[in-house]
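For clarity, chains are labelled A, B, C and D in written order, and residue numbers in each chain start from 1.
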Amino acid sequence: MKLTVKLFAAARELAGCGEIGIELPTGATVGELRAGLVVAAPSLAALAQSSMVAVNEEYAIDATLLRESDVAALIPPVSGG
Amino acid sequence: MKLTVKLFAAARELAGCGEIGIELPTGATVGELRAGLVVAAPSLAALAQSSMVAVNEEYAIDATLLRESDVAALIPPVSGG
Amino acid sequence: MIQLTDNPIDAPALLQSAQQPEAGAVVLFLGITRQFTKGRETASLSYEAYREMAVKELERLEQQARERWLLVDCSIVHRLGEVPLAEASVAIAVSSPHRADAFEAGRWLIDALKESVPIWKQEHWADGGADWVHPNGRDATHE
Amino acid sequence: MIQLTDNPIDAPALLQSAQQPEAGAVVLFLGITRQFTKGRETASLSYEAYREMAVKELERLEQQARERWLLVDCSIVHRLGEVPLAEASVAIAVSSPHRADAFEAGRWLIDALKESVPIWKQEHWADGGADWVHPNGRDATHE
């Protein structure tokens, strides 16, 4: 299945784009998405380690299972306020 | 010596005036002023017990010595804010 | 800045004076007239002060706050006379480089003001009558 | 009320909405762009958000605050894009019958916002260059 991962702030600048498409096996986890993201965009390697992943606008853990229609996002450490 | 004692809020309403003149012996204390005040205005008896006294716009204790030119005030429990 | 005023408090002006480039945080506290206290309806509050002494006490509180916390701006304004429902009787605006100082100083200033500044509040009840407020009881502001 | 805006924050409007007759206390917090951080000069900050998720997270924080404290009004507004010196990037306005709730909820909301809401801050330095801010470091707001 193909998922789109949204990128923001430092992640967006490192990757040079606001989202990346990743091909994942059906039933893949957030942990696998994180690994696939680094293969697709090696410049994200360090930041992907310290980032959270959101699925459908909620924080997810690496064990979370993904579905085809999910909206994923890499969330670097936040600094609003 | 003659001192004027300013009255505010509930004290002003109980006494029916904004200040009262008190005749005190030279070298009298704030405690003596408090007692003299109740003689001059018996309606203040209860409130004078629970009030502070200020001398020259500073809180004073009963042992504080008074001088002829001092400005005294009875300060019922405050409730600003 | 310390002020006693007989007019409505201009809170936006206090914010503007607090927003200095040396600051990163602004905390504004307003004490406003509340309609109901333990089920009884308040029509308005009115405030009376020993003005000269109240200004001196407020200046002392500002100075103590500045000694204890790193503040950029510190304003305390108390309104006197009648204060209608939902309007502010007191405003405290503090700004500081870091937000902990602004929150702590703002909280301390209103607590200290209520303890020591010679200002008195009278409740005007909707069902008639008026009472001078006894401290340590609940009243129609933020106590 | 939750809002992300690309325009200057209208703090007086937030105060007006917080001043309800059921309230006795209003606390407004503003996070503003500070000029100097450890001696280095900031020209401005700019903010980027994952907007849909940031709104959801802020709504969750408002709901949690309302469960924990007795609040009348609760508004959180975050500005996005460039925020010049001394202007507000974030405003939190809470009102409550008693002042302890407003102070505690306001403080908790800004702490929680900085921990969990997907918004990112970039420093634009006066001597050139720009850095995305790493949390847990000091930055040119109220941290």
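Keep this in mind: a contact is a pair of C-beta atoms (placed from the backbone, for glycine too) under 8 Å apart; a residue touches a chain by one contact, two chains touch by 3 or more.
From a predicted model like this one, the values you see are computed outputs, not experimental measurements.
Enquirer: Suppose chain C were not there; which sets of chains would still be joined by touching?
Expert: A, D | B
Enquirer: In angstrom, rounded to a whole number, how far apart do the mean CA points of chain A and chain D lie?
Expert: A distance of 26 Å separates the two centres.
Enquirer: What is the distance in Å between the mean C-alpha positions of chain A and chain C?
Expert: Chain A and chain C have C-alpha centres separated by 49 Å.
Enquirer: In whole angstrom, how far does the Cα centroid of chain C sit from the Cα centroid of chain D?
Expert: 23
Enquirer: Which parts of chain A, given as residue numbers and ranges, touch two or more other chains?
Expert: Within chain A, no residue contacts more than one other chain.
Enquirer: Please list all residues of chain D that touch 2 or more other chains.
Expert: Chain D, residues with two or more chain partners: 31, 110, 141-143.
Enquirer: Going by the touch rule stated at the top, which chains touch which?
Expert: Inter-chain contacts occur between A-D, B-C, C-D.
Enquirer: In their complex, what parts of chain A are in touch with chain D?
Expert: It is residues 6, 8-10, 12-13, 54, 57-59, 73, 75-81 of chain A that touch chain D.
Enquirer: For the complex, which residues does chain D have touching chain A?
Expert: The touching residues are 31, 47-50, 52-54, 56, 78, 89-90, 110, 113-122, 132-136, 139, 141-143.
Enquirer: Mind pulling up the chain D residues that touch chain C in the complex?
Expert: Chain D residues touching chain C: 11-12, 15, 18-36, 85-88, 95-99, 102-103, 106-107, 110, 140-143.
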